[in-house]
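Each of the next two complexes has subunit A plus one other chain: subunit B in the first, subunit C in the second.
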Partner chain A sequence: MPKPYKAHTAITGPLARRQTLRDLAQVLPLFVVLFFLFGGAVVLAVLQSFGYAPWFGINEFPSTHYYERLWLSADFWLSLGYTLYYAIAATLIGLVISIPLSIALCARFKASRIFSALIRLPLMVPYSVGIALALVMLGNGGLLSRFSAFIGWIDDPAQFPLILRTHWGWGIIAVYVWKQVPFMTLALAAVLVRKGDDTHEAALVLGATSSQIFWRVTLPQIMPGIVSASLICFAFNIGAFEAPFILGGGYPDTLPVLAWRYFQDANYAFQLQGMAVVVSLALVSGLILSLYLLAYRRYERARGRV
Partner chain B sequence: MRKASLRSSQMLLASALVFANMSSALLAESAPGVFRSEFLKGNLGWADVTAKARTEGNVNFYYWGGSDLINLWVDQVAVPELAAEGIKLNPVRITATKDTVDVVIAQLAAGRGEEQGSVDLVWVNGENFFSLQQQNALWGAFANRLPNSVNFEWDEADARSLLNLRDFGVATEFQEMPFSGEQYVCSVNRAYVSTDQTPATFAELKTYLEANPGKFTYVKPPHYLGNTFVQSVLYAHNPDGTGAEPYQKTFEDLGSAELARLIEPGFDYLKSIEPLLLGGPSGQTRYPESSGELDNMFLNSQVHFNCKFGVFANHTGLITGAYPEQAEEMIFPRGNMIKNKNYLAIPLNSPNPAAALVAINYFSSVDSQASRLKTAGMPVGLDVWRLNQSDKDLIEASAPPHYGITQQELDDNTAPDTNASLVDVIEATWLAVIERKEDKPIADIVAQVSGELNN
Partner chain C sequence: MKLKGHTQPRDFKAINPWQRLLVLAMVTFTIAPFAPLVIQSLAFRWAWPNILPTVWWHEQRGLSPLPLAWDYVFSSSSRVAEATANTLGIGIAVTLLCLVVCLPAARVLAQSNFRGKSQLEFLIVLPLLLPEAAIGIALLMIFIGLGLAGTYVGVIIVHLIPTIPYMVRMLTAVYQGHGTEAEDHARVLGASRSQVFFQVTLPMILPGVIAGCLFTFLVSTNLFLLTFFIGQGEIITLPTLLFAKISGGALNATGAGIALIASLPGIILLFFTDRFIRSYPLAT
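Then we have the complex of A and B:
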């Protein structure tokens, strides 16, 4: 909850006071959502993961055995490994594709408007549709496998090489990349446009090669965009459920799927174990994101920008 | 002075009137629980129930909405026929009954007690019913008090009544009404498997898979379809040869060591067929997550068999195109085709309990069950031997056809469900032995998972 308005503020006068009140009123909805809905859920999740669920007739608070059981099992670490692998691989591949695309998007050429419209297309399609497309095209009962069976490459669709549902996660990564490249590209292009062409032209005049311009000028300029875009995508990927559930390779599942399995069990005692998974995932994700931001802060400080 | 006293007496009168109004309103409002306790005490006649049901007007029916045929029947038959009785049926289609059980329990935990919930009626069985019962979230013993209760066998002296009185071994205590009676039936794709190749036992299935690796799989436990397949394997591999019998006991009665002894041969079999299941030959066995996924594999001829709860699943699969054209039913595993019933239950905090009772009474009528059998291919839940001849004939005439087998063969090969307390342990054992491939003696695994389940 926001603190009540205090009279002793630096700005005085009825106008300033009205302005402050208006500011408070504007952020109030956000605070309410953040503190009650989000904060309440977090508190409840943490309480449950420590054994507090009297509404199921379970009250062992504070008990750490849900965490002990989880963290001491090899499965958890395997699941964590897969979760991080899909999230990081998809984010990195997405960045590698988006950076040249965003540079291309800023240049003017004949079909640049069509190009920029095409690039936005996946933004309008939900993840679940992307997942369905992947299933329909690449699955073992999908179009490609049936077509291959039809023209006689393989005897029946089951022989089609397995693309989805392996622990390599090609399907998961493909869906994330397909959906996130447009987002990253637009974010980076916005940064590039704001920077303008001046430094780029100056470097050209001073005789820099195009690879020098990219590494020394463009890349450092769009670094804030890279960081924010990859941060958002990574945070989504690490907690996403549908893609690893539908396109993943089964056991060992990613952590969100593992948590879902616990929640889905008819036995309510497992819900607390699921909460321990969710809280662990939030911890890992929070840790990685703050380390990433810290590293970025250092980089900027080293360049003298902060 | 007089004026003032007049005014004060007027005010007194007015406030007394307001108070009287309020208290009568409070009585009407505090009715939560009154209807329930009066009905359960037997103080209300059916006319009282229907009258209250009409004032309630609505009934919110939460049920698994994965079958188009059932959804159509509900929308086109049940909704108008209940509307004729003055009740609006609101179908709420869900993907997992567990979600609705969660809602009810969360509402009760949040203090939304009698008549303050949102779910009036839920289609349920097995573990979900067990959860509701354990959490004291059920409305009460109503199933033997409805006019159409006569269509069901409640006499414990008759062994056939067990399907109405026990849900996965848990006493129903009349807190739920049978909705439909199902059996675990497998279909086979005749385009690939001839009649003499068709397995009737698990040993024959293994022989078939050795010749045709990868052409079978089952839904992954803890999905109930996967659990059921595992249970039938365990019945067939019971080292004492007593089939399903010991699995009717609770875990406490049976004991961990005895359960481990009973299930060991079955789990050995499951381990031995794993490399022969779908994806097994290439090193990664695939267990589908749902019956829909298995249907697709069957339709795409990735597998040649499809097992699920569905006496008429083959028929409905053929008319909806979900099954391949040459799909036929098979008797497998011989003598161990698990049969159970699913039920309608009223949660404790149902906001329209009288309307829910009227709706359940409607769903239990011969006409309603016969039309559902005919259009949705959903077997009847009532007990045919309780009916008069013309009703029996109606049910028989409504039954969809079988393909390759007869109803009599299905009836001759039934087996009961496993006790719900054992289901939990068996599914956890499956996850440890088959999924995680834990290399420990089965007795240790059973002891470990049952210990984890009990704290």
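Then we have the complex of A and C:
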């Protein structure tokens, strides 16, 4: 049985070291899992994209051949453009909806629990369900097209404006927004609840108008929530596969779909090209996210919060 | 979660008309598309431009006792039963594994400071910031080499990637909320380490642990891309089955049925876990 005094004297030499070792042992499994899954994936992806694949009989490391071929083709930049366009448009629309929505739902009216539960539903189901819903609503034979026929706008499914399978990506963006508004709303509501009502009431008492309160009090307060939620959604959108695959406009595809097509090619050598796509995607995503975080830090510093 | 000042919840009219409009519009946008999905799965004939089916299933029940779509969904050839079993089994395994890996680490992250802590925290959120397709394709190469592609073990391991960040965040927040006083008292009173954990710590953090597990389970059951890449078509789950059904860009009645089945775990969790999922610390 341990002696009682140990709990409070654990700061001295050998005991402190034992505590540190115990801490280390407890963090280790997590570290090992993440380090090997990520470290392994990153190292291998980079090696392969530079032409190292001895198991296919290809070893031209280090060769920038795959990047050159990729970056010099106009289609790659078009793909990158589409990928960024869908990701950014969906994230922005999601934010524009979820900021006022989270404020409204935090007002705690009688039915707010039911409404917030209903709005949370998309968070709980797979993306492919959202895609199925987009097909049944927005397709040319879908419900919106039927309604248009009902009110006499069109008299043939082909006349319905193409929402899915265009490079405008309305369907893709709709699915992302449908799925991510609940996530953003919840994240923002958590921040709103934590900050409480005090500053809001103080501003009200001091005679601020509701638009002043929104722009000068609430928005700066929930900025950390906005940044973290939009970071996660943007990063997800840029790497999403199934929505652009099913609802997208076909060639040139978004980068994840392009990588997958290279990967599925009967010619193994194309896998290295696919890896170059994947690494480029990760680089672009990392670059944008760091710029975003940098801008946010400057904003916080300008407000004197950091 | 209690609000200061307002003891009585107010009427729906407490928020201004624009907010009311926004809330109602978003509820409609969220829920309404499920209606045609249900209708389609029960329709017998539903051609364009009819807004409702011209022939419903029950008008043809002489031909088939079940709606055709559901008859197919429940038959063994649709593989829905297999996919459901896989989804739930993988979800439970991932949740337990994730808990075992994350619970001790979350305690350390919440209660002690060490060199490299911020780097470790960055490593933990990295899975949320790297494109999933990039991780999936890169890991697929390694898993093919290790013989893990297309196996349950491979799929379960790869599901850890998107679940660990959430689990660690939620458990760290739970530990931070409790402090260490109760444990210290128990130690002073002579309790052993395992006694402290099982009789003091665990009962205190249990609600948070359950919330973390439910959320992890949910993320795992909804995961498509990593299952699709690493499962190599050998391991089918509800999301991959649904993807295979709709990847042609059209949704037929059986697709609608499978989509409804695939939403069931989420809907059930939504109704039964309202209070657990309510306050998870997403925005920390």
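Methods note: the second predicted complex is superposed on the first by the 269 of 306 C-alpha atoms of A that agree within 3 Å, B and C clash if a C-alpha of one lies under 4 Å from a C-alpha of the other, contacts with A are read in each partner's own complex, and residues count from 1 in each chain.
Quick note on the criterion: a residue touches a chain if its C-beta (ideal position, glycine included) is under 8 Å from a C-beta of that chain, and two chains touch if they have at least 3 such contacts.
Since the model is a prediction, treat every value here as computed from it, not as a measurement.
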item	value
Touched partner set for A:R165, first subunit B, second subunit C, both or neither	both
Partner chain(s) touched by A:P244 [first = subunit B, second = subunit C, both, neither]	neither
Partner chain(s) touched by A:V191 [first = subunit B, second = subunit C, both, neither]	second
Partner chain in contact with A:F115 - subunit B first, subunit C second, else both or neither	second
Residues of subunit A touched, compared between subunit B and subunit C (which is higher)	C
Partner chain in contact with A:N267 - subunit B first, subunit C second, else both or neither	first
Which superposed partner A:R69 touches (first subunit B, second subunit C, both, neither)	first
Partner chain in contact with A:R146 - subunit B first, subunit C second, else both or neither	both
Contacts of A:M137 with subunit B and subunit C, given as first, second, both or neither	second
Which superposed partner A:W55 touches (first subunit B, second subunit C, both, neither)	both
Subunit B and subunit C footprints on subunit A, overlapping residues	55, 141, 145-146, 157, 165, 245
Of subunit C, residues touching subunit A in the complex	1, 3-6, 9-15, 18-20, 22-23, 26-27, 29-31, 33-34, 36-37, 40, 48-51, 100-102, 104-105, 107-109, 112, 114, 120, 123-124, 126-135, 137-142, 145, 157-158, 160-161, 164, 168, 184, 187-190, 192, 218, 221-225, 228, 238-239, 242-243, 246-247, 249-251, 255-256, 259, 262-263, 265-267, 269-271, 274, 277, 279-283
Contact set on subunit B toward subunit A in their complex	96, 98, 101, 105-106, 108-109, 126-128, 130-131, 134-135, 214, 220, 222, 278-279, 282, 284, 286-287, 289, 296-297, 299-303, 424, 435-436, 452-453, 455
Complex contact set, residues of subunit A against subunit B	54-57, 65, 69, 75, 140-141, 145-146, 156-158, 162, 165-166, 245, 249-251, 261, 264-269
Sites on subunit A touched by subunit C in the complex	1-2, 4, 6-8, 19-20, 23-27, 29-31, 33-35, 37-38, 40-42, 44-45, 48, 55, 97, 100-101, 103-105, 107-113, 115, 117-129, 131-137, 139, 141-143, 145-147, 149-150, 155, 157, 164-165, 178, 181-183, 186-188, 190-191, 193, 196-198, 201, 224-225, 228-229, 231-232, 235-236, 238-242, 245-247, 255-256, 259-260, 263, 271, 274-275, 278-279, 281-282, 285-286, 289
